[in-house]
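So, here's a batch of structures to check.
Next come two complexes, and both contain subunit A; in the first it sits with subunit B, in the second with subunit C.
Right after this comes the complex of A and B.
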């Protein structure tokens, strides 16, 4: 994580790279793998929501990259893919 | 509260039963944590970047440390890491996270809940314990508060003394442990936690807080809805 000790993952910090709300990470949900644990919703409610089938869906990408990555890393089934839209690289899962 | 990164030192690491491991983590940096009872941490496990979610068992009143109760039976990377932790080891986690929380008085739902009924299975007791401590000890909640806790075996039971002490100290608190594989001499409820829950009379206008396995939550939710409990007074956290 690019986050410093005790830092606030949800705050804007324009001095830091990758911390603007329109960062370079894009998240997608692998619907077949989602079990509706909702940890992503708890961490990034501006990005994820549960639909009527209790599956995670993307409702926006407007969140800090570190928060998106943490939400993906918290998923117990690794159902969230994080892609760097600048390089095309899959950041998570590795 | 926003999520922050923490480091903490293992101050106690005890296998309470064959199933449950207790961890007491003293915060190093930041030295204080602000969270809502019912929330969890995202523990970093060396060797993997995946975060493991563990609910906080301690009261938010204790802000210099957190306590966890971890079900060791999944035998995954998280439990293996925890099993090997020694006193003094430093761990890292992000917290707080989660939306499982008591509807507080002053909110429409909170004001509608004239009693609180907690139904937990296994390590689902963890956030529930934090909530009960917070309501009784810190918020001085005088509403009726009932806990149904389902486990398989008597040997799985931990924190029994603590809950019984709470029941003695706070007359508005009732504790009902229930065992699905009880020995013949077990004097209290037996069967599934839903059996125990269905035996005891319904508490009018209660808020229901469910935490544990998906099947239990689905069963209790269905039962409560059939009994006419409003869906917005049924709160849950599924453990996987």
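Right after this comes the complex of A and C.
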């Protein structure tokens, strides 16, 4: 039973991995806008990765807010949204 | 009925005018942002303070092509020091294992006013450190620092704590937003430019 539960948790984590932001900001990817330029991955490899369709996906939120913001600002199509968790305000794109 | 062509013509002309004005204003609104993205904070700049031509290079110290173009860039800048400004910006490619570390080392040297000296050394010695592990490359970078009067400990500590990481990431962020995907990428007065066109384009500006 415990093994099954553990497996489910692992599976859940794979779908929505470690999305608890450690800082003030949370990032999300607008998949339709992503062109796979991967500048976000180069800047914040702990937060972003490219999936099999060469689209950016969130793999974690454990990164400095400034780094998350720089990664979002690096996106040529503004496909990364940065939100202030506390206020709900969209920080980027403005 | 006779007025229908006139009416259609008026509508089309109005539409064209509205679209034209919108395009012009959107370009004007974007222009300053783009230029800021291209030149950055100009910390690592050399040459003229009031340039006719500003060359920006997004570069990677571990990139062989970036090393190869340095003599040409240097020649263009040195020949026109009173009219040309050159700005170096970091774009360490992820596949180059020591490129980001080298960028951090260069920024550490910049913090004590020795960016260009260190820049030259990194390109000159590229083959000596490109294949080293991160740890060994960091030791090598500390040796280079020491040889030019920057305390080895300062360099080691800076690399360990990634003191200047945000500066490097800012350049990478701007590069990404501009659509830069390879190195070296050059801009001349805000316009993307191939290296083989750079010299002629600069000379043209300086006429």
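Annotations for the structure displayed:
Just so it is clear, the second predicted complex is superposed on the first by the 73 of 94 C-alpha atoms of A that agree within 3 Å, B and C clash if a C-alpha of one lies under 4 Å from a C-alpha of the other, contacts with A are read in each partner's own complex, and residues count from 1 in each chain.
Just so we're on the same page, contacts are C-beta pairs under 8 Å (C-beta built on N, C-alpha and C of every residue); 3 or more make two chains touch, one makes a residue touch a chain.
Since the model is a prediction, treat every value here as computed from it, not as a measurement.
By the touch criterion defined above, A:70 reaches both subunit B and subunit C.
Contacts of A:92 after superposition: subunit B is touched, whereas subunit C is not reached.
Once chain A of one complex is fitted onto chain A of the other, the partner contacts of A:27 are absent, as it touches neither subunit B nor subunit C. In the superposition on chain A, contact of A:82 is made with neither subunit B nor subunit C. Looking at the superposition, the partner that touches the larger set of subunit A residues, subunit B or subunit C, turns out to be B.
Once chain A of one complex is fitted onto chain A of the other, the partner contacts of A:39 extend to both subunit B and subunit C. Shared interface residues of subunit A, touching subunit B in one complex and subunit C in the other, are 37-39, 41-43, 67, 70, 73-74, 76. Within the complex formed with subunit A, the subunit B residues making contact are 2-7, 29-30, 42, 49-51, 53, 94, 97-99, 238, 240. Residue ranges of subunit A in contact with subunit B, taken from their complex: 1, 3-11, 35-39, 41-43, 67, 70, 73-74, 76, 78, 92-94.
Those residues of subunit A lying in contact with subunit C across their complex are 37-43, 45, 66-67, 70-71, 73-76. Within the complex formed with subunit A, the subunit C residues making contact are 93-94, 165-166, 169-170, 172-179, 181.
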